[in-house]
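Per-chain residue numbering starts at 1, and chain names A, B and C are given in the order in which the chains are listed.
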Amino acid sequence: MRRGEISLAGLLALFSIYLMWKATELPIGYIRGQGPGGGFWPFWLSAVMLLSCIAIAINWWRGTSPASQSDEPLMDDFGWRTIFLVGGGVVAFVALISVVSMYGAIALFLLYYLRFLGRHSWWLTLLIAIGLPIVLFFFFEGAMMISMPQGMPFTQPFFDVMYDILY
Amino acid sequence: MKLTKRVFLGLAAGSVFATLPVAAMADDWEPKRPIDFTIMAGPGGGADQIARFVQSVVEANDMTTRPLVPTNRGGGSGAESLLHLKDARDADHTLMVTLNSFYTTPIRQEALGVDIETFTPITMMGVDPFVLWVHKDSGITTFEQYVEKVKEMNGEFVMGGTGSGQEDSIVIAYMSGAFDLDIKYIPYDGGGAVAKDLAGKQIMATVNNPAEAKGFYEAGEFVPLLAFSDERMEAYPDVPTMKEKGHDFSYYNQRAIVGAPGMSDEAAAYYREVFGKVYDGEEWQNYLVSESLSPLPMDEAETRAYWATQVANHRQLLSEIDG
Amino acid sequence: METLSFLADGVLLSLQPINLMLIIIGVTVGLFIGAMPGLGSVNGVAILLPITFLVPPGSAIIFLAAIYYGAMYGGAISSVTLGIPGASTAVATTFDGRPLAMQGRASLALVTAAIASFVGGTVANVFFTLFAPLLATVALSFGPPEIFALMLLAFATFVGLGGDDIPKTIFSICFGLVLATVGFDTISGEPRLVLFDIDGFLRGIGFIVLAIGVYGIGEMLWTIEQTRGEITTTNPKMSVKGMVADTKEATRRGWKGTMIGSFLGFFVGVLPAAGATPGSLMSYGVAKMIAKNPKEYGTGTPDGVAAPEAANNSASTGAMLPMLTLGIPGSPTTAILLGGMVIWGLTPGPRLFVDESEFVWGLIGSFYVSNVAAVLINLAFIPLFVWMLRMPFTILAPLIFVLSIIGGFAAARSMHDIWLIVIFGIGAFFMRKFDYPLAPAVLAIVLGPIAEPTLRQSLLLSSGDPSIFFTRPIAAPIMVIAIILILLPGLKLLRGKRKEVKA
């Protein structure tokens, strides 16, 4: 925990510096007769972010925050593995949207989560993994008129059939 | 929920459908998927209103085999829309409703790498003129009084608008140059906010499309001083034009539908026919009159030529502002 | 008197069998649309607009009003059951609604939300009927300096919201404010803070992206890690008797928040630039500030659910006021409704109340009826939503992830924003591990886009002279109150230290 606290503060400080640097593309000062320039607000607020990170580091050094006093690891192996499996699943889900379309990605994600993480029975898994995308398709494309990403061209025949049913 | 909509449509159909022509398309090409109908601005405001009006007409008369899906992509002064069309995954099903940021945004943000000449012209629905307005409590009733007042206030005369490089700021910049005016310009993030602050007398004058100020004009709150159209407007016959004041300048906001670059000729022909019907329809013709839009019908070649002159004009006007 | 008879006509029109049916359908549809994270009344109204071409305007308006009300009630459902605020107006509802649900008291939270929404909507309708033209004048007197002062006040009411770690709270606030500036600077007309020069940032970072990332993804990961993927909620029980008891408890423990929310929400909602979100946030802040036991807030107190819920309903009704009296939309939904009025051949603007009084009062009449229908239908569906929480966590969790992503796309319509949701979610998980409070960042990204432009517009008006905030009759008192509220905790701290020294 102690190492994590300072690493995160350092990372956020670096990000604050990047934001400050990026904000200088527009005037960051007080323009006479016009008030603050376009970069004023983001620049100085990022500066406050940086100062907060420094304060967090000082508190870490003095050991006043709970995380900085704790010698426990951030997460145990089981925790890391859970986060990796679940978080990784979500990342893979989003990456798959551009390949097999939103609905296809949802089906695969549900299949993965319900069967391999949740250890549900095959028939329940398949029922949800196939049923939910179809329900969502009719809800979004039909009722709400929102087109979801359709992935690579090979999914197209499938969508054409669905649209024929829908309209 | 689909069911609900069906039931609802069914309820309505009996009473209304009998009077509506059902479109029959002779062309071979038909859309196979929902048509992406991108709006180059946020909700509210002229472009959004027109897009939803057109979509409503198309939907109500069942003119396309697949629905138009209106989506607001107003980010970065329209840059978001331009990029969306430029990189359209399926050009045959991607359309956009434009305003003049179609010309100005690629000039002001060259890094986008958008060349509007590659876009596909579909239909010019009309052009929206600009009018200079003041609040009735200001006591100003003519353009000459306005000029006098601005000079008298010596840089303290406050006007509101939708931001540097936007349509109204171009008009104000031209006017300031032509009459040697020193105006304090406050940018807002939408025409509605500008109209509200003129009504609340937070600002002293605006340049706006008539549709956005019409309600206040009819209530007697706003007074029109000058029109930036080629000829006097039908709705405001007593308001002089900039040309009458001796400056050869007119400025319109274009209300056009364009297709993504690379759209096939068949698809473009299909959409031209659909929106041509909308244009000729009674609903749109009434809308043109009630919102004071000017008709400007053009075919494809004329539109391309029009684009080229507009880009050149805007390049000139913007360089005068920035320079 | 004339008003009352118009209003009675409006109510009677809404009570005709066919219109009543439309209201019931509309409210139900709206309720489910509002309950989906990422979707809100704006989606409901937008899809129904073309249909209004086909039916007489009278029925069309009633249907749209019903959807609008249904969606407003629905917002709380996703805040409580999924922990994701479905709309910016429902952010504050998660603060206490989610803890209540985790304690197995989702039904109490939902009942409180429904009743508070009803009271808020009713109070707003009555105000609307009595004072509409007067309030329109008040709304117009709020220029940029006044709105900025109001935003500062909204921040001030939230000073106490952060965690105990002050630098981390400040970091979170500034982080939200900076994210709000990404994209495009309207004042100078230039792109700004386009991070890593990725074009997707040109459109800015929306509230919904951060909120779904933090609450949908981050909070879920945290819950899964904390509980090791096991069941978290104590089994929620549901019975008619239980709901009656909940109703009693909601009234007893939520009336204060409801009152604050109803009144404050309405007055903030009436201002076109502010709208329902600051209204509901301020109501939560004020309710907490004047509570006997502020420590209860955030751990699941009915008052904490009632205040923002009453406020967002009240404010959403209030937001109709500038639209009807001035023709100025206060929110995306009212902007689309305004477009609908043009389609029906009406001219929005100050004359509407006079020239089309039948339309206006018909609309307000249908608000009253829709509000009653919405509370009844909402109460009827609560058992269904609570039942959802009884699903095994290994089914509920992936459903929440799926709804977060698909709902996020529905709101943002770009893959770029979906990736941002994932990045914010994972970032939020680690920040949460180290006690960074994230609610302030979410609030800041809502208020920042109103605060910064109004600050700069004000200074442009005054040629850079900051005294503009202290010389205008409305802005000055609001500024003074806001500054006192901000300094108060600091002063208390100083006094506390002095006492320590003495002792």
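The working rule: contacts are C-beta pairs under 8 Å (C-beta built on N, C-alpha and C of every residue); 3 or more make two chains touch, one makes a residue touch a chain.
Remember, predicted model here, so these are calculated numbers, not experimental data.
Chemist: Using mean Cα positions, find the chain sitting nearest the overall protein centre.
Modeler: C
Chemist: Report the chain whose CA-based centre is farthest from the CA-based centre of subunit B.
Modeler: That would be chain A.
Chemist: Taking each chain's centre as the mean position of its Cα atoms, how many Å separate subunit A from subunit B?
Modeler: Measuring from centre to centre gives 36 Å for this pair.
Chemist: Whole-Å distance, subunit A centre to subunit C centre, using C-alpha means?
Modeler: 23
Chemist: If you average the Cα atoms of subunit B and of subunit C to get two centres, how far apart are those centres in Å?
Modeler: Comparing mean C-alpha positions, subunit C is 31 Å from subunit B.
Chemist: Hey, what residues on subunit B touch two or more of the other chains?
Modeler: Within subunit B, residues 1, 4-5 contact more than one other chain.
Chemist: Got the subunit C residues that touch at least 2 other chains?
Modeler: In subunit C, the residues touching two or more other chains are 46-47, 187-188, 413, 460, 463.
Chemist: Can you tell me which residues of subunit A touch two or more of the remaining chains?
Modeler: In subunit A, residues 143-146 touch at least two other chains, as defined above.
Chemist: Any idea which subunit C residues touch subunit A in the complex?
Modeler: 33, 39, 43, 46-47, 165-168, 170-171, 174-175, 177-178, 181, 185, 187-188, 190, 192-193, 195, 217, 221, 224-225, 228-229, 392, 394-395, 397-399, 401-402, 405-406, 409-410, 413, 415, 418-419, 422, 425-426, 429-431, 433-435, 452, 455-456, 458-460, 462-464
Chemist: For a test of understanding, state which residues of subunit C touch subunit B in their complex under the given definition.
Modeler: Contact set of subunit C toward subunit B: 18, 22, 25, 29, 32, 42, 46-47, 49-55, 63, 139-144, 183-184, 186-189, 191, 199, 202-204, 272-273, 322, 326-329, 332, 335-336, 338-339, 342-343, 345, 347-352, 413, 453, 457, 460-461, 463.
Chemist: Touching residues of subunit A toward subunit B in the complex: what are they?
Modeler: Residues 138-139, 141-147, 150, 159-160, 163, 166-167 of subunit A touch subunit B in their complex.
Chemist: Please give the residue numbers of subunit A that touch subunit C in the complex, ascending.
Modeler: 1, 4-5, 8, 12, 19, 22-23, 25-26, 30-39, 41-42, 45-46, 48-49, 52-53, 55-56, 59, 65-67, 74-75, 78-79, 82-83, 86-87, 89-91, 93-94, 97-98, 102, 106, 109-110, 113-114, 117-120, 128, 132, 136, 140, 143-146, 148-149
Chemist: What does subunit B use to touch subunit A in their complex?
Modeler: The touching residues are 1-2, 4-5, 32-34, 36, 65-67, 69, 89.
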